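Chain nomenclature is as follows: A, B, C and D, assigned in order of appearance, with residue numbering initiated at 1 for each chain independently.
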Amino acid sequence: MSDFVPRQTDSATDVLEVAPIEETAKAPKAIVGKSPGQLAWFRLKQDRTARSTIWVLGFFVFIAVFADVIEWIYGIGPTVNSPDLLDTTGQPLGYLGGIDFTTDNPSGHIHILGVMPATGWDVFMQFVYGARTSLIIALLATVISVIIGIFIGTLAGYFGGWIDQALSWFTDYMLAFPFVLMAIAVIPILNTRLEDETGYVTVYERVATIIVVFSLFGWMYTARLVRGQVISLREREYVEAARAAGANSWHIMFRQILPNLWAPILVTFSLSLPATVTAEAALSFLGIGVQQPTPDWGRMINDSLLYMRSDFMYLVIPGVSIWALVLSFNLFSDALRDALDPKSSR
Amino acid sequence: MFRFLIKRVLLGVSTLFAISVTVFALFFMGPADPAASMCGTKQCTPVQHERITTFLELDRPPHEQYASYMRGIFVGRTIGGDSPDAIECPAPCLGINFRTYEQVSTVIGRTMPITFSIVLGGAVLYVLIGTGLGMLSAIKRGSIFDRIASGTALTFASTQIFFIGSVLLLVFVYQTDLLPLPKYVPFTESPLGWLGGMIVPWIALGLINSAQYARLSRAQMIETLSEDFVRTARAKGLAIAPIYFRHALRAAVTPIVTIAGLDIGGQLGGVAITETTFSLNGMGRTAVRAIDEANLPVVMGIVLFSAMFLVLSTIIVDILYSVIDPRVKLGTSGGH
Amino acid sequence: MSTANNPYLQVSNLRVKFETHDGTVKAVDGVTFSVEKGKTLGIVGESGSGKSVTSLAIMGLHNPKSTLLQGEILVDGRNVVGMPDDKLRLLRGRDMAMIFQDPLTALHPFYTIGRQLVEAYRVHHKVTKAVAKKRAIEMLDRVGIPQPQRRFGQYPHEFSGGMRQRAMIAMSLINDPNLLIADEPTTALDVTVQAQILDLLNDLQREFHSAVILITHDLGVVSQVADDVLVMYGGRVAEYGTAQQVMKLPQHPYTWGLLASMPSLRGDPEADLLPIKGNPPSLLNVPPGCVFHPRCRYAMLKGGPCDREVPELLQLRTVDEPGHTVACHLPERQRIETYQEEISSVGVAQ
Amino acid sequence: MRKTVKALALGAIATSLVLTAACSANKGTDQEKDTAKEQNFIVDYKGDVKGPRAEVAGAKTGGTITILKAACFEHLDPQQIYVSDALSYGPLVHRSLTGYVETGVEGEPMKLVGDLATNAGTTTDNGKTWTYTLRDNIKFEDGTAITSKDVAYGIARSFGQFGVQGPQFLQAALDAKFGAEGGYAGPSTGDLKVPGVTTPDDKTIKFEFATPQVALPYWLAFPTSTPVPAAKDTKEKYDFEFVSSGPYKRAELVPDTRIVFEKNPAWDPNSDPIRKQYVDKFVFDCTTDAKTQTDRMSAANGPDAAAIMTGNVPPDQIPVVKGNAELMKRVGSAPNQYVYYLNINTTRVTDVDVRRALNYAFDRDAYLKAVGGYDIANPASTITSPVNPAYLEFDAYPSKSDNHGDIDKAMKLLEGKTVPTLTLCTANTAVNQKVAAVLQESFKRANITVTPKFIPSGDYYTTVGRKGIDCDLITSAWGQDWADGQSVLGVLMDGAQIKAEGNNNYSYFNDAAVVAKLKELREMADRGAAQKGYGELEKQIMEQHAPLIPLRYGRTFGIYGPNVGNTFLNQFSQFDLLAAYVK
């Protein structure tokens, strides 16, 4: 696993275990009369781990979507200075990083997760808005990279021949770039291209850059996986039939073959999403990422390392948040894989 | 075999060539004024600007710059052209570190042992422990041991090196002094010092990566244990040990070797996050710093070097694969 | 049905259950049969009928953690149900051996054929590798593999399908076992090769004088080689008798279906095969009464016992066929008439 | 797999218990106020200070001092040195024409004395011509005598490509065309003749200027004037292969990793009034970040007992260090020469009342805490640092309470005015991003909207130093180059120096009266009297023009090992080693 980065090598091999749908349906144990999708959904609902992780993931999505509403109810924004909640060294006063459930303090607000050192910003609101940033970046980057991967993998797998060779070479070529170094080198270069005359780049442009770089370097494993699956499906009877009936290649690729790949693609997606969350956090750790005042978990961890000894809570909250999110995704994708392929290992 | 190797190496070289072109274009032509960004935090005087321009040959057309860079790698070159301060850079010349006027190859030579120590030591630890635990979990599938091991593995696999590493440093180094502070002491200088300085990074890498290897090898082993040939082995009347070790393990280890090979290959080019977390000046951290300083020749050199390791590791993995699995015929397969 | 007193293998009231994600599976539910040395028992049924599970249970190859075995399996008088694995394994490969359906996956892909044979021999014989190699080459030669010396050093993927199965057979017979279980040994092979392998098995059985269980879904195969036939459906025995009895006067509607779906034995080869409608039952959720009733054209659903009571396995009464038993609620007379009027005469047509 | 959840939950609970136990209430600590002491300063024009430097009471010889650094010196090529770590420790190996004597003893003034030269400089025409005579028995590490030609060669070098990173006051004063077409461009052109510098004999070096340059003795204290033997000038490699003239020489040098200095036997203590040679070896460990430095200095195990740190203690460790009374005895904590400003672009924010209101609205407490707290920063109210002799204590825009500013006064000043949205320009670093957000919130209290604009840190000063930049508020920091008001106000507030690019006057403040006054002060020969003038001028600028908001005075907060004798924070805010010893 290269350092921090998306353990997709691992994931990709795991994913390959997912049996093609038809075989699942024919499994001797299969309950008669349910479509593979219903069957998977049924198993997923039966799975306690899956149920609990869905709740956790749902919680994160909820706070990300309704961050503004939460701010309105909670009463204080994520970047309101409260220097009087800090001692002269900038550390939060009170217990556990300034956790305060009363409004009897200089800011006049409750701080259920305490306040940030140095600024006195409310950690809970940072956490809430941070979920939004992390999820938007991870979601968009993963969606785009999976789409690119599907597209390239399908083309390579379906057409074979020199197209396959060229695209496979291109995939290998993209894989040979050291991701961390390329990301921290490319993001600033892309940003300089977006600069105005003073070198200023807007928040949206910066977020877009990150998403673009993640998508650019994140599609290869999906492409390989899809390519392999398409090759195995290409010769199936119904594809032959469609071909014989005169359907064009695009129709066959995207109407006949792709719909049969949703299971492995879903699993790849659920695996690469947490990998992207982690990668984004890691880039923030190296100082490349979203900027203040936009709250972001990764940057919060990076920032909290500065206060690790005096305000351990501040490290714990973003650390545990990312951990919980990534763990939930991992557990969920495990459960998903089980549900889609009951014969698989676990 | 021989034909395959040639084909594979040629493919690798073509990849490296393409990467070098891409990286070159990106770094040297990406920024509007590379000389200015390399000039540093102080104001860039025309003298400085011109010096950087001549030294990096930024005034020449891109293809000439690239040709001269590549020539440098194979036959060496003189950096700075006809300027009185020109620097001789013998092959393999990856350019000159703009800050220290060292050859980039010297920088790589100096930082490589650090990265290698971290990565190889860590790899031994996590591959052995991770695979061992995973296999054991698979054999004792469903037992308390399996549950605890799998749960722990999932927990650690979901954390990041900079988080675990920082917590390890805080708890075991700073606050309790149980483990020595990470630092690099050359093995030749003091094997014990080398071991001591590397132990914390290894543990951190070990915790996270062995978790991932445990998960992988557990799944792999479980799958293998359900294979027909394992059943055949049992039907022969073999005892437990040879069934697991001679039959199941042998087959389960193949994908693990593949992934370990690719992982290690990827990491040998620098583990920026790990090195940054533990303040070790390996290739990764050096590259990160060079990126900060816009020290393009150093960045370029290290990126190319990393890519070389990645490409090399895919070739080695292919060869290993054919050694392990007699079904893989090197002559026919073109890649993975 | 043979009448010897001391069959080599005696299975009585065998039940096999296992736990899965989706619930408890009753894979085998009360199966009784026996085989003696020199005889061949054919077990016939669709996939999921419990025939493979039965054979695995005899070999003790089921997963001990998730599987519950009940009943009695006497191998040469020793009950292997509940026998500790380290004792059982000494029987495996020496007293009883097994040939699997797909030799490609059943042989270890990373070891040479020779090495796998040698290993099989040396598990039960304390001999040097050289001795074992000699024996292995003999066996390869015996099962009709040309150039056994050269083949000894090759990997399974370098063999053709038929050759692989021959090697598999050589490996299972290398210790001269008294009981050989062949689990669909020809299913994965070409039709021409199938016949060769069956012939080989026949020859070998005569030579080694072992008891053989041949598991197959193909009644035709059984009619060629088996002495006795056990028809299984849904984990239970549908019909049991000598090959002659069952082929001549099959009693169970399921057996009729199997017969009807055989291509070659009777009637017009051009005619469509007659598959049995529907799917085998989910063993998670076994239908009440006779397991076969949802697919049975003759089931007495209205007021009849088929969907309520599990039919007992009973000896035929009206014809003198000792040992021919069947589990069906239909009255015996009606069965015989139906078979004679509708099935055997009309043949495939329906 | 589904069973693992429980195990996880248990683990999480156990972890959180450990964490909880580690935390207790933070009730805050009181900040002791240290009053800035006015520094007295002596320039030894007469040559009273002679070598050797007085013995330090209790000093022993021998031992090794380790210097923990996060990164190696940017340069050790003397003509390239300009950064405080190299200015502070470079003198261990490099001597220059003049130099500073600091003792760290309370009340003892800092002295600018002759180093290689016998005195700080002799001028007969109020600064247009200066003559320096070299001391006896000064040698390079290889034993060859140092001549005035070597000094002149070093200065010549500073004109060329190996001086671009060093200070350039001397070069600019000697050659009007310096850096431009036709200017002198260093010895690699083949021309060794530096304009205005002559060496009548091996012991004498003479400087001639077009206009009086009273700051020359200060400029020569930079290693610009360090002698370099022409034969051993290895150009860019001189950074690693420099020839020592000081009490130590290079024993080992691994770039970015490690540097070892050992005793230089060719150095004669009697020729040197500044340095001692108590310690056997100095080891620079260049791979230790501030965090680790603090930890190693706190533990002070083994060789670390005789080590010093070079970074500030990071914010999270300051409370820990302050909680340890024993450790606090080894802490060096003092204001440094850096002052941080929020410049108000006077060409864009033309209404002085708005500029005053910004000064009032600024929440200095929030700002100080955001940059690391009161231990590494002091609230600033002046342009000049308290360590500069020109410092005059005053606060033109006092806070109502606790450094939070005075919103009422700000609102009053803004009454009836609409302030457009102001653009705040700052370099793109992690701390600055946070600071920008804090400033934004801070001005919001007076209904002033500020939008931050982050500029790549590498180009930051180039960008904001461009006249006509569309920034309203510009963050900057300044550290004096020499201890004189000219090096602060004369650079930052002189409207006459505003040019198209490369400005230091980021407020673009240009007031005729101020320009005139600065010229007068610059040329005053009596520097003591001049300092007073700078202080008064500054007060006037702040009250009448409010061209910037003084944000903070930099402070240093570092730890030295228990076995290091005679070390103190020197003028560069580094632990002084020129006369240190190992206990």
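Going forward, a residue touches a chain if its C-beta (ideal position, glycine included) is under 8 Å from a C-beta of that chain, and two chains touch if they have at least 3 such contacts.
Keep in mind that what you see is a predicted model, and the values were worked out from it rather than measured.
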{"item": "Intersection of contact partners for subunit A and subunit D", "value": "B"}
{"item": "Between the pairs B-C and A-B, the one where more C-beta pairs touch", "value": "A-B"}
{"item": "Centroid spacing, where centroids are CA-atom means, of subunit C and subunit D in whole angstrom", "value": "90"}
{"item": "Length of the line joining the C-alpha centres of subunit B and subunit C, rounded to whole Å", "value": "54"}
{"item": "Rounded Å distance, subunit A centre to subunit B centre (Cα mean)", "value": "23"}
{"item": "Multi-chain contact sites of subunit B, meaning residues that touch two or more partners", "value": "37, 154-155, 174"}
{"item": "Multi-partner residues of subunit A (at least 2 other chains)", "value": "188, 192, 302, 308-309, 327, 331, 338, 346"}
{"item": "Of all residues in subunit C, the ones touching two or more other chains", "value": "none"}
{"item": "Residues on subunit B engaged by subunit C in the complex (per definition of touch)", "value": "141-142, 227-229, 231-240, 242, 246-247, 250-251, 324-327"}
{"item": "Residues on subunit B engaged by subunit A in the complex (per definition of touch)", "value": "11, 14-16, 18-19, 26-27, 30-32, 37, 154-155, 157-163, 166-167, 170, 174, 208-209, 212, 215-216, 218-220, 222-223, 226, 255, 259, 262-263, 266-267, 269-274, 276, 284, 287-288, 291, 299, 302-303, 306-307, 310-311, 314, 334-336"}
{"item": "Of all residues in subunit D, those that touch subunit B in their complex", "value": "1, 3-8, 11, 74, 161, 164-165, 179-180, 185, 188-189, 235-237, 239-240, 254-257, 287-289, 292, 295-296, 299, 456-462, 465, 501-502"}
{"item": "Footprint of subunit B on subunit C - complex, ascending", "value": "59, 61, 65, 85-86, 89-94, 97-98, 100, 102, 105-110, 119-120, 123-124, 155, 157, 171-172"}
{"item": "For the subunit B and subunit D complex, residues of the former touching the latter", "value": "36-37, 39-48, 51, 84-85, 87, 97, 99-102, 107, 110, 147-148, 150-152, 154-155, 173-174, 177, 181, 183-184, 279-281, 286, 293-294"}
